[in-house]
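Below you'll find the structures, each written out as structure tokens.
Below are two complexes that have subunit A in common, paired first with subunit B and then with subunit C.
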Partner chain A sequence: MSMPERLKPLLLPLAALLAFEAAMRLAAVQSDSLAPPSAIALALAGALTDGSLLIATRDTLASAFAGLALGGAIGLALGIALGLSHILNRLMEVTIEAIRPIPSVALLPIALIALGFGYRMEIAIVAFACVWPVLIMTRAAVGGIEPRLIEVARVLRLTQLDRVRKIVIPAALPRIFLAFRLAAGIALIVAVTVEIAINPLGLGAGIMTAQQALRPDLMLAYLVWIGVTGFVLNAALMAAQTTLFGRAALTGDGA
Partner chain B sequence: MGHLVMRALVGSALTALALALSPAKAEKIQIGCTATSDCASAMIAVDEGLFKKHGLDAEMVLIGINSNIPAAILSNSIQIGGPTSTVFLQAADGGLDLVAVAGASIMNKTSNDAIAAFVRNGVTITGPQDFRGKKVGAPGIGAFLHVLFVKWLVEKGVDPKSINFVEVTFPTMADTIKSGGVDAVLTAEPFVMRMTNANLGTVGARYAAELARTEPIIFYAASREWAEKNPETVKKFRAAIAEAAPIVNNDRDKASAAIAKFTKQPLDLVKLTTPNHAEPVLKPEQLAWWIDVMSTQKMLQGELDLNKLILD
Partner chain C sequence: MAEPALALVQASPPPARAQIAFDNVALTLGGKAIIDTISLEVSAGEILCVVGASGCGKTTALRLAAGLYQPTGGSVRFEGEPMRAPRREIAVVFQDYGKALLPWRTAAGNISLALETIGMPAAQREARITELLAKVGLAGHAAKYPTEMSGGMQQRLQIARCLAQDPKVLLMDEPFGALDAMTRQGLQDEMLALVAATGATVVFVTHDLEEAIYLGDRVVGLLPHPGRVGLELTVDLPRPRDQLATREHPEFLRLRRALFDFIKASE
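Now for the complex of A and B:
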């Protein structure tokens, strides 16, 4: 009865999978949207070996990261500017609060006509979605910097650029990184959604193609793989955060 | 002086490059279709090298939802697409400057017989009037099957407003019927056979067979701007499609293989159903019936000029 403690948490999901497999087989379910776990595993292995899954993953991650980089850069620049200048912040507030609630996916019809299928459209939509969390968290992080640090900058007569480079960014960095981590999750979700809705590339399009090809096993294999991708991405970003910022990352306060 | 010489040199080099590249390279076009057998002529033309034979480097793009095709054409993501008649006419009515360039599939006895309103167990339909008050799933509101069904109801004297239409995509139809989420779905083969074999219900109406029309289901369309700028490409495309259509209609094995390859559906499944009849020629009067039906269903706002919808 000695079972390594680490395996115990796996018991419940494993039992659920087995029960699902048994139910699917015993009831001889014929479905275009469900498939037994064994068939899903086979489809996953097949899609991994023929390379289609890896190409789709590359396409999705490339769009997600490019969108994250673009949207994150815009959000970061605006966030720092708005965090430093009260006047600018008040001036921009209405504009930002008016644009921010637009669901990024609602821009799809316009984006399709303006940019067409492909990476460009997906990157633009992902970037739009990523601007806001980075902007708002950066603005808060910069606004919340210990006032004495700003005073030091003033005493040292640092230029505006040096002030941002030497004081503001380092002080706000842990929280900015946290913003990027959250935005990365959003980027993956939005990228896959764009692919499911319109764009014929990547993991989302893979799900849709498998569904229309009446291959529920492959469709669910894509779903499982997207889950794995998201999990790995989040774990990597968490690890990076703890390594780079240590305890500061956990409190979200770098000052 | 030096600048002028430089510019002349660069200019002539570019001209030479352009001249060297243009005749050798086959023209590249992308053709967007959904995962149905309607664009089988284009699939065959790709697989049998007919596009290549006519000097076209054609690639087919799988598009998830038919109503995205007009926007994809206008953004030049695809140069030619296979919208359904209803999607095309609504887009043209909405002001998108699209033009039909060749026929893809038309309704005939085989395709009409393949269409059905499939009713779940526990619901009895003896005639059109029995659909009153029922919840009916269509692959899209205003889509081909939905418009046909509404036309059939009107012809039978049943008010379409008395029916609750919802959207149910083809792959989810069997499960939705099984769970009782809808009372009936508007569907076609191979789904009718699959649901019948799984004892999920019965065929409630063969509405397309009763209408017995021969108008186009899907045809190839492009943006007017592109089509007018590239008359030679359109000509080559038409020639390849005209050669491919008889293969679709006469060689089931080749057609099934091409359809399975493009839609990624299992070959065995594709083989079970006859592909929709390919008809490369498209005439203005074939669209007249659709315009009439859609206008009566209040799906079109303006007046469409039949002669402008199809490229000469």
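Now for the complex of A and C:
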């Protein structure tokens, strides 16, 4: 693709931004919710240079990744166990289907009483949200392993531990990684939501502070930054997935 | 008569114990009789080929011999002991080599899986892997992944992985069924040479009647619904077998006719 061809998709958003800027200036709008793109860019630059935005990003990502690690580990362990054992799966099915639909943010009041404000509460809620996609997709990945491979493990007389270590996990790995990629997106969403709702740290709290200070430019700057963060996170995980498992893994189910 | 003591010894040799014995074996799965009943003995060093129309339970019989299934009636014994689970002495070569190999491991890694499981120290594995790859004609392909190999090479690799556990018995489930004719003939001869060198017992399931006669010391024909033994032929053809001479031998043609008639009648 030539350069102009590659830039074509950017034409419309750029035009929209210019039109927005022009409209805001011509109408001389005074608003608590809107700001011209130039003001947003300035606020973004300001928040970046004074370090407040980077500290907020660090706090949000730390909570999101800690929650992802904790919830993902629980989901992975349960998913492997349930994928391997039909009996265990039958036993746990009702319990899981009863707990899973609870929106993670609905746990906020309980988490707040139990853990108070701060990282621990946010990590716990993110972890709860991350358990399910990882559990469900790992269970499906393990249950969907080529039966012949399990038979090979049996005739070679691999121990139960070796079967999991040498056959089950490597065979399910592309789909397990996909589960973690989706869970990472969820982790960021839930972390920001918890911060907006209640927790006084991170990017979500930054938006709320800007809103209450009647700074629509700064508020929208945070919004743009959260979008950039999510985009970069997903792009990085996609790149890792492609490098590790090749293009085939990106098709979705990996089967 | 001059030496009665010796004559006595010759008259009662120790009973030749079958290596694998099916004793009135029956298998019912989900209320459906898959096998009812098979009695069969395979002696050490023998090559037994099993043929039959589809649905005759030949693959199931092989799984029973491997210890992957347990019979619902009768017993399967290996060297006199009942088969309760797969054993190190018995290796299985599956037809679908593409599914039976670990795609995330190289050729060397796939063989290593069997060596790790029998507890061979890491320091000794590499030499053994090189030796096994050379044995099946894959020298120099150690670093290749299964997907980078042809079907024939993949099946050779699976055979090498089986040989890694030093088996006394090779159970082969239509191992060459998915390969083209030339590759298949080449592998048939390589397999016969390997087996002759190791002295392993082979139970070889195939739907190719000529392949069964070409390879076997004995051919068993199964009847379908439910699976049971319908025919037993002893293949009295000279070894080593030869793709042209053996297949033109009058005895080969006679056996071929007998097997074709049997399969036709059983369908």
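Just so it is clear, the second predicted complex is superposed on the first by the 245 of 255 C-alpha atoms of A that agree within 3 Å, B and C clash if a C-alpha of one lies under 4 Å from a C-alpha of the other, contacts with A are read in each partner's own complex, and residues count from 1 in each chain.
Here is the rule we go by: a residue touches a chain if its C-beta (ideal position, glycine included) is under 8 Å from a C-beta of that chain, and two chains touch if they have at least 3 such contacts.
What you see is a predicted model; the values in this text were computed from it and never measured.
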- Item | More subunit A residues in contact [subunit B versus subunit C] | B
- Query: In the superposed arrangement, which partner chain does A:Ile167 touch: subunit B (first), subunit C (second), both, or neither?
  - Reply: second
- Which of the two partners, first being subunit B and second being subunit C, lies in contact with A:Gly227: first, second, both, or neither? neither
- Task: Using the touch definition from the top, say if A:Val155 reaches subunit B (first), subunit C (second), both or neither.
- Result: second
- Query: Which holds for A:Glu146: it touches subunit B only (first), subunit C only (second), both, or neither?
  - Reply: second
- Query: When the two structures are overlaid on chain A, which partner does A:Pro103 contact: first (subunit B), second (subunit C), both, or neither?
  - Reply: neither
- Intersection of the subunit A residues that touch subunit B with those that touch subunit C: none
- Spell out the residues on subunit C that touch subunit A in their complex, using ranges where they run on. 66-68, 85-88, 90-92, 94, 96, 99-100, 102, 104, 113-114, 116-117, 165
- Query: Which subunit B residues qualify as touching subunit A in the complex?
  - Reply: 34-35, 61-65, 68, 71-72, 74-78, 169-175, 194, 198, 263-266, 269
- Message: Can you tell me which positions in subunit A touch subunit C when the two form their complex?
- Response: 146, 148-149, 151-152, 154-158, 162, 166-167, 170-171, 173
- Can you check the complex and tell me which residues of subunit A touch subunit B? 30-34, 109, 112-118, 196-198, 200, 205, 208-216
